[in-house]
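Okay, so chain A shows up in both of these, paired with chain B first and chain C after.
Take a look at the complex of A and B:
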């Protein structure tokens, strides 16, 4: 597990302690992450990784799993 | 024109008949013609609004698309000789130009909506404010006739413009086709607010006749008419009586009003949407679902995920998320983290955005204070409920009985009543009166009205109550069956003959038990006025 993914899972776990984010999928589709969580999460990720996640990136594809989120973070960190 | 007008029903039958015999490629043209005719029926000048929206959006989205293509071309050409920072700076500059165009489009359309829908409200409040400070407050109040469905088609089209700006898909290059997307007639009365990538495929495909799909479509249309004409319109006179005289109809009458209006609104709005989706199904055009058994919701957040779904997702995607992550909000988040602590700083932006979005949601429903307060009260309930989530979780862990179906039912009833109380702002259309009437439910214990025949004096006869009770029971059973999937499919799978019998039965129910007669006004679908 890379460093970004580890940190993403840590932030996610801070939001929902009872979910195993290493394996969980469909976080967005199953409403495990509601819109409050999504916005809080974006603020946390922006703060932690010094990136800017725009509204256009707030989609199920990017938020359905910790892995997808980590990939988004890495993509935005490269720009 | 309303779905319940005979002209509409005859026109729809003719349209469906012609649609399937003309060449596939020309079918979308027929839909455009029908949509323009439908809209022009409510006044030729109203077509100007639709054309303004279509033309401004067409021009802007095409220009944004061209600029995006040029940006990609330039970046590819300078892939090797530009540094990372140069590429970033160019990309930002190019996107800024596209953003300005988007803002222009939003300004034209929301500006038009603001003037027509909110002009009078704003000026009246300005006059009052000037009066408070001793002025005359005599600015002339502009009066516009609200064009049918203007909030719906502007929101739908601006969603499309924002998606093109975000490069979610390419802009439509055919003006007539875009105009059809803007004006597609079944959606004009009360939505749903569709997305271009979902609706356009069906709109332009010119689907052929498919017996099973058409049967399902017809059943859905009849089901919608049943909800609207048998339940909602029959309930309407009682709701009017209860609202018309708040001094007389207080206390438990207000509670009865909550129940009656909840049922009426549900039957009216979902009925209209059923007709819309059914028409789409007959023509082979999938239209987004707008409801998912909302009265089974266990809390208000869930309720808003299941009620008027397309409006909720519109606000979420195009307002809540952009506001929550915009630069000032990020700065606010950083500031609040530093000054107010990590915990408050973490949640402050989302709470501010929630209040802002619900303020706008209230305004969307109408240019009046009762809608604004209604929106803000929703925000308050959602935020309180959000803050209490850890408590609920502890409660459910501690008490096993709170995880039973019976408790689920209690939660659904609680949500229904809570939403009913909020809907009082919509009923009474007067903020102080609404609070007063809410209070009477706790101070005026006139529970005798449930037993002494008082409820028979609300313009409803015993047979009306019988029809309403049966209709409500049928809705409830259909909702329960719907949890296992499409009820129409379940019936057809059991027996094609039964499916045909259900269709005929629905038709007969609408004809026999629909609310008609002298003085009956199939007036408006409630959401048409928004």
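Take a look at the complex of A and C:
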């Protein structure tokens, strides 16, 4: 597991201590994450990785798994 | 003189019967349908001997749920909105307090209802709206109704862990709607985009002016408040020109750079409240929508909706707070110091509210009501109640009120009013928790829960999800060895906050 993914999972776990984010999928579609979480996550990820998750990247697909979020973080970090 | 909120509907129906009153993604109701359904519901309740008592509306957020509210009022009852998203434990506590004899549900909530100990009548919305209206029965109820009769109960957080049901009447609600409408300039061309849930008084801002003016209110799907481009698309698709949202909903749009891609083209009236609007975010909004008016609203549920307003018509420094302004017409504000005397001008004092806007207090809790609804200490020669908000404010040089802080451990989180004590009580009920202490990280908007005991964090988090509403869930949970106490034995929240700040 790479560092980004590890950190993303840590941040997610802080939101929901009772979910195993390493394996969980469909986080948004199956209501594990809700709108509160998405807003919190964006702030946390922006802060932690010094990135800006813009409105165009805020889509349900990007919030469906820790892997998708980590990929988004890496994409934005490269710019 | 208007004495009943239903007069808003009755005066509008003949004017614009076929106009859409309330709509969401799946359904819509015209004023004529709303009127017909509400009277059908009222008739059915009356026929079953239900009048002058609470009627629970346990439905998904929808135009139909709003319709059910007015059905209850037609029967001379007061509605109590419950939501499927509320945790079961809270619903049980509310049902236990109210002991209602009537409940209106929909197909989804009827399923959920089987989990509860509820023995009263259950009405399916889609069935009772078919009842033919009994004009005589409805008229008889109306004749006896007074404007001091209650309309609704909404439940707010209580520090002892028991939610408090705040009861508002026709008079306080009409006073609010008239003055709010005048302040924000609503009219029949207003198209509202509702964000707030139906189980708080915040939604009155859209619901009743819609009836009063024959306007239209769109209920925006909650999920859109995570995906700003979709949200703006929704606002534009329905030509929404007026929003009264919590600050966090507005900042979600600005902070994510949405304006680079899309703007809410029709938006002209923007009201916000319940939280401090970060000035940097506010500037982005003003720049994006230079023609729009922005109004900061302030008020406690106990004084019916909002009590004060401030039209923001200048730029603010980043260190400056946007004032809460002045009271609405026919509402009075007194700032009381610690000795119950009027605070010296410019000095901080507790905001106390007087006027017709005062609600009737807490349902079934006379002691709690008497604690905060008291005789006006500045005038003791005849009975006059004021409501003590617990909010500290002062007047600035322009004569506007500026919010300073809370007197107690109540916080505002994502637009919701929360007693930290209620979270602690909820946590204390979990097996394996010894002591719980809660603090709020204002800077990051996080509820931080500390506890001692042998229970695992994950297990406690799972427990709290069933116990407390979503907005009360701690954002951070920390297990500690011992809870810090002040010299006189109270929980030391300052020490907890310091401990948390160090570990960040």
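Note that the second predicted complex is superposed on the first by the 79 of 79 C-alpha atoms of A that agree within 3 Å, B and C clash if a C-alpha of one lies under 4 Å from a C-alpha of the other, contacts with A are read in each partner's own complex, and residues count from 1 in each chain.
Criterion: contacts are C-beta pairs under 8 Å (C-beta built on N, C-alpha and C of every residue); 3 or more make two chains touch, one makes a residue touch a chain.
Just so it is clear, the structure is predicted and the values come from calculations on it, not from any experiment.
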Touched partner set for A:36, first chain B, second chain C, both or neither: both
Partner chain in contact with A:60 - chain B first, chain C second, else both or neither: second
Interface residues of chain A shared between complexes with chain B and chain C: 34-36, 38-40, 42-43, 52-56, 58
Chain A-facing residues of chain C, complex: 222-223, 225-229, 248, 252-253, 255-258, 260-262, 414, 444, 457-462, 465, 470-471, 475-477
Touch list for chain B against partner chain A, complex: 88, 166-168, 301, 305, 316-317, 320-322, 324-325, 330, 333-334, 337, 346-347, 349-350, 353-354, 386
In the complex, chain A residues that touch chain C: 14-18, 28, 34-36, 38-40, 42-43, 52-56, 58-60, 63
Complex interface listing, chain A residues touching chain B: 31, 34-36, 38-40, 42-44, 46-47, 52-56, 58, 79
